[in-house]
Amino acid sequence: MTLMEFSIFPVDKGASLSPYVARALSIVEKSGLDYRLNPMGTVVEGEWEDLLRLLTGCLRDMEKDSERISLYVKFDHRRGFSGSINSKIKSVQEKAGRKFNI
Amino acid sequence: MTLMEFSIFPVDKGASLSPYVARALSIVEKSGLDYRLNPMGTVVEGEWEDLLRLLTGCLRDMEKDSERISLYVKFDHRRGFSGSINSKIKSVQEKAGRKFNI
Amino acid sequence: MTLMEFSIFPVDKGASLSPYVARALSIVEKSGLDYRLNPMGTVVEGEWEDLLRLLTGCLRDMEKDSERISLYVKFDHRRGFSGSINSKIKSVQEKAGRKFNI
Amino acid sequence: MTLMEFSIFPVDKGASLSPYVARALSIVEKSGLDYRLNPMGTVVEGEWEDLLRLLTGCLRDMEKDSERISLYVKFDHRRGFSGSINSKIKSVQEKAGRKFNI
């Protein structure tokens, strides 16, 4: 399984990006993949091919009305792991012996 | 105010990174800045100079026992905004007319 | 056409990453896509689907002997543009009225 | 020494970003630090504090006429290394036993 964080936005639509982020999030939601929205991006866990399919869906939707799109993605790919979307935070908190803001 | 997401980790310590992330999070916590940990990074809101001071603190701590360090940072800098660490998610949810997983 | 910059490396192989980068670059080279290597990543221009296929090829090769892989990608997607791998630098230099180090 | 790649652009100025990139590059040039422009960002080598000073200079200049700014930075920090802006590419080419496009 792979953990991915991505942010996608139109460069040609001015400073108010939330309507575009909302559209992308609806596509994430429909994918059925486990995800978490944060103030700077969306983290999704899934199989590699499913994650790429999701990115493609978001891009194809956004290009309908945007001339130029920026997309930033980071992947954390681990053999034989799943559930990392929850376990990574737990593991950090166990190592620190305390809870952090999530 | 500026919103920043960062992830910092040693490249020379193998695949188990949570002890290092825990140390960085403790420095974030001590900074007194508003932050949220997510599975792929930590989002922090603050004045530009305070955010750079935080990054410097995390780097100086990690280089004590790491030979090579990767640090990824994205900044969203908006004039005259504050509280974005909460309001960005709210705004996306309002535009979508629904709640997303956070 | 889409412009993409990516960097991929194993997290579990220590601080010397160049053998792994070399393998990825050989895959880029074989793709036939136009690319430029820089000290922090590789920029590639191509159709969206071809770029994703290239990332998949690099990941599948690296996971053969790496337990954990980090992959960072940024995309600049523009409708109706091609040749951006050269024209973006030209355009910046024209606006500045001077040459920069490339 | 630290190697950094950054890209900075206004989110509220439409799809033509090259005038803003040109201004940032002029600030990089004046810093006296060793740098290379590529189609997706600028790589700079220097001491950590000098790199942060450069980012601050670019941000302060851009916020004069931009309401919202995106800044992406990745750092590769290695103890006891310098000249990496040239040696990383050399090292990859040596491992591959061939030259790549740069």
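Couple of notes before you dig in:
Going by the order they are written in, the chains are A, B, C and D; count residues from 1 in each one.
Methods note: a contact is a pair of C-beta atoms (placed from the backbone, for glycine too) under 8 Å apart; a residue touches a chain by one contact, two chains touch by 3 or more.
Since the model is a prediction, treat every value here as computed from it, not as a measurement.
The chain with its Cα centre farthest from the Cα centre of chain A is D. By number of C-beta pairs in contact, C-D leads over the other of A-C and C-D.
With centres set at the average Cα position, the gap from chain B to chain C is 25 Å.
Each chain gets a centre from the mean of its Cα atoms; for chain A and chain C, those two points are 20 Å apart. Distance from the chain C centre to the chain D centre is 16 Å, each centre being the mean of its Cα atoms. With touch defined as above, residues shared between interfaces to two or more other chains in chain D number as follows: 15, 67-68, 70, 72, 74, 76, 78.
For chain B in complex with chain D, the touching residues are 48-49, 52, 55-56, 59, 63, 67-79.
By the touch rule above, chain C contacts chain D in their complex via residues 3-5, 7, 15, 18-19, 21-23, 25-26, 28-29, 34-41, 43, 45, 72, 74, 76, 78, 84-86, 88-89, 91-96, 100-102. Touching chain A in their complex are the following residues of chain D: 9, 11-12, 14-15, 17, 67-68, 70, 72.
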